[in-house]
Amino acid sequence: MFTVSVRDHFMIAHSFEGQVFGPAQKLHGATYVVDAEFRRAELDPDGIVVDIGRATEALSAVLAALNFRNLDDEPAFKGRNTTTEFLASVIHERIATKIAAGELGSHAHGLASLRVTLHESHVAWAAYEGKLGR
Amino acid sequence: MFTVSVRDHFMIAHSFEGQVFGPAQKLHGATYVVDAEFRRAELDPDGIVVDIGRATEALSAVLAALNFRNLDDEPAFKGRNTTTEFLASVIHERIATKIAAGELGSHAHGLASLRVTLHESHVAWAAYEGKLGR
Amino acid sequence: MFTVSVRDHFMIAHSFEGQVFGPAQKLHGATYVVDAEFRRAELDPDGIVVDIGRATEALSAVLAALNFRNLDDEPAFKGRNTTTEFLASVIHERIATKIAAGELGSHAHGLASLRVTLHESHVAWAAYEGKLGR
Amino acid sequence: MFTVSVRDHFMIAHSFEGQVFGPAQKLHGATYVVDAEFRRAELDPDGIVVDIGRATEALSAVLAALNFRNLDDEPAFKGRNTTTEFLASVIHERIATKIAAGELGSHAHGLASLRVTLHESHVAWAAYEGKLGR
Amino acid sequence: MFTVSVRDHFMIAHSFEGQVFGPAQKLHGATYVVDAEFRRAELDPDGIVVDIGRATEALSAVLAALNFRNLDDEPAFKGRNTTTEFLASVIHERIATKIAAGELGSHAHGLASLRVTLHESHVAWAAYEGKLGR
Amino acid sequence: MFTVSVRDHFMIAHSFEGQVFGPAQKLHGATYVVDAEFRRAELDPDGIVVDIGRATEALSAVLAALNFRNLDDEPAFKGRNTTTEFLASVIHERIATKIAAGELGSHAHGLASLRVTLHESHVAWAAYEGKLGR
């Protein structure tokens, strides 16, 4: 299996509902440093996993739609706790949509899976990985 | 698959038996920076992989029982080389026991597997991963 | 010159006033990974720069008073932009106050200066350094 | 599953052919920081995944054969784009050959798989993983 | 003293002349991860060291003029070894020129000094720092 | 000012005397990842701060004399607590001696100062810096 990974970040405010979250029930915020790992069984005709320029742009575009926001105000997350692991799955889904729409190039349809990792500090991070494809 | 990871560390002395260990047969020591990665297929009812506060405490408690020790004197490791990879499996087993005992909350029974990584320097690390569950 | 550094983090929400801040004028947030570097010319009678346990506790206590907050609501920062560099100076001042109050031990009066660095992402950080002492 | 990882690096010049590579079609270069992760189901009779000294030497020897070169001039890569993901597979194959030849010790025949990761910057990396064995 | 730092990178080919460089006399290459640390005694009227957006753009523009090049072919470096420490001073000078030209905003004239660090691998880096200003 | 830095590591056992050290009074150990930063005002005739190959060897040789030891048994440290900050000064002195003896080349006599940093974990490190030369 081959992989290519790119890194970017975004900065948001949010709060959580539920006793399990303790002091994080108050409005606070986070920087998320995000790694997107693209995977496939064999290299494409250009000898690559994915066009790294387009992969970087796709990640950047997905994060731009979240960056500098209060996630408590986002209709898309109504009634959901925007935990690190949940946000990883949201970003996974949005990049997968771009791949399906051809935004990462036609060869990107050969990508097998994607892992999205969000680092929230030097001592905590979360990830979601799932298959890609038609 | 969803994951949540937390990081902590411990500092020990030990020595190894066997020619393969070269100069590490002498009493020396190490700082181990430890990552515990908790995994499950779906988020729990709180929208999380695991209560990160309890996961951090569990890791910290397991490492406290090893920290500031000479592992050569520990009855639990009698006759064993406390290599980095072996210690990863020990920490895995001890966290798994805490999960089974309910110390990470009742939803933690839904955790599928755990990966424990020990970084021994900027150029070497080892890990053990295995399933969790009843 | 000798130094000892310890690291911790905090997570906050805030917004900025002023065109120079662009999209950061909206309510957003950040994780700040904080390094406190304590400096002195000569080691103290125990052969150390500072009691690292107390230094870690002091940093942790200062960050706990900021953690999981919306800094826009904090009276202490009324009318101020809580930029990364400004927050570095605030944390510097609060640790310096603890040192002056003897909370880091009597030998800590021999500390010459302190540098506080706040990492806001993998590509941006800010610091404040200044003298300590009577 | 147990793993042991070691890190080293090499520095090369190269260029790429194909529009997808944009400005990287010009002669440029890279530092690759390389992680080799060795995996096996159970520890060997010495209680280890692999002799870390020999693993480090094997990685170092493989990288020495690439270091300080212009890869465009290497016969082994004639007609191939030496992308990060392709180089990861090359290094995988060369370490696998050393394992098969017994250079990592006789117990190394029990290794199940190998993952080779090449970090090309703080925001991009690529990997190849594949099975080992007879 | 206050500082703000930003990070970016560039990838080049080059070779060195002189026996002291050993195998690096051959054409090879490097990724340089570059940190630019901007320093001033007091914050500017916006409560910042420098407009971080403009600082990031300035660093990016300076690196773009070096990125994806063979430095042996650059007229600017004719007869010079483009060592890591020398390149740090070149980037320092080019950012200083942009500050003097007002590209980082009018308040940037209050910057006191600049440190430019180039990381060439996980085990080696070099820096140049010097005063700024009229 | 120009700097060049190189990194290596060593692994030791030791214990401390004095109530201030708490549980670290027991025999334990540490991995120290060591950075040696060489500084000078102007580049030498080869356009470098120091021969990085020789600097790396000098650091490696100094650390080899400490590696895989119980520092409590070392005559050189009799009656001293081998704290991180103290060890930084020891390594500084030993590298300085090598520079004075010409082991880093004749141009190394132009080095102005040296900073030695020991990272003992992901959340703690210490350094010693001092002048070099006649």
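Miscellaneous remarks
Letters are used for the chains, namely A, B, C, D, E and F, taken in the order the chains are written, and counting of residues starts over at 1 for each.
Note that contacts are C-beta pairs under 8 Å (C-beta built on N, C-alpha and C of every residue); 3 or more make two chains touch, one makes a residue touch a chain.
Keep in mind the model is a prediction, meaning the values are calculated, not measured.
With angles rounded to a multiple of 5, the C-alpha fit of subunit C against subunit F returns 120 degrees of rotation. Relative to the C-alpha centre of subunit B, the farthest chain centre belongs to E.
When the interfaces A-D and B-F are ranked by C-beta pairs in contact, the top one is B-F.
Once the centre of each chain is set as its mean CA position, subunit C and subunit E turn out to be 27 Å apart. Centre-to-centre, using mean CA coordinates, subunit D is 31 Å away from subunit F. Multi-chain contact residues of subunit F (touching two or more other chains) are listed as 7, 122-123. On the subunit C side of its complex with subunit F, the touching residues are 1-8, 43, 46-49, 51-53, 56, 105. Per the touch definition, subunit E reaches subunit F in the complex via residues 18, 20-22, 80-81, 83-86, 88-89, 122-130.
Note for the complex: subunit B touches subunit F at residues 7, 9, 11-14, 23-24, 26-33, 67-70, 120-123.
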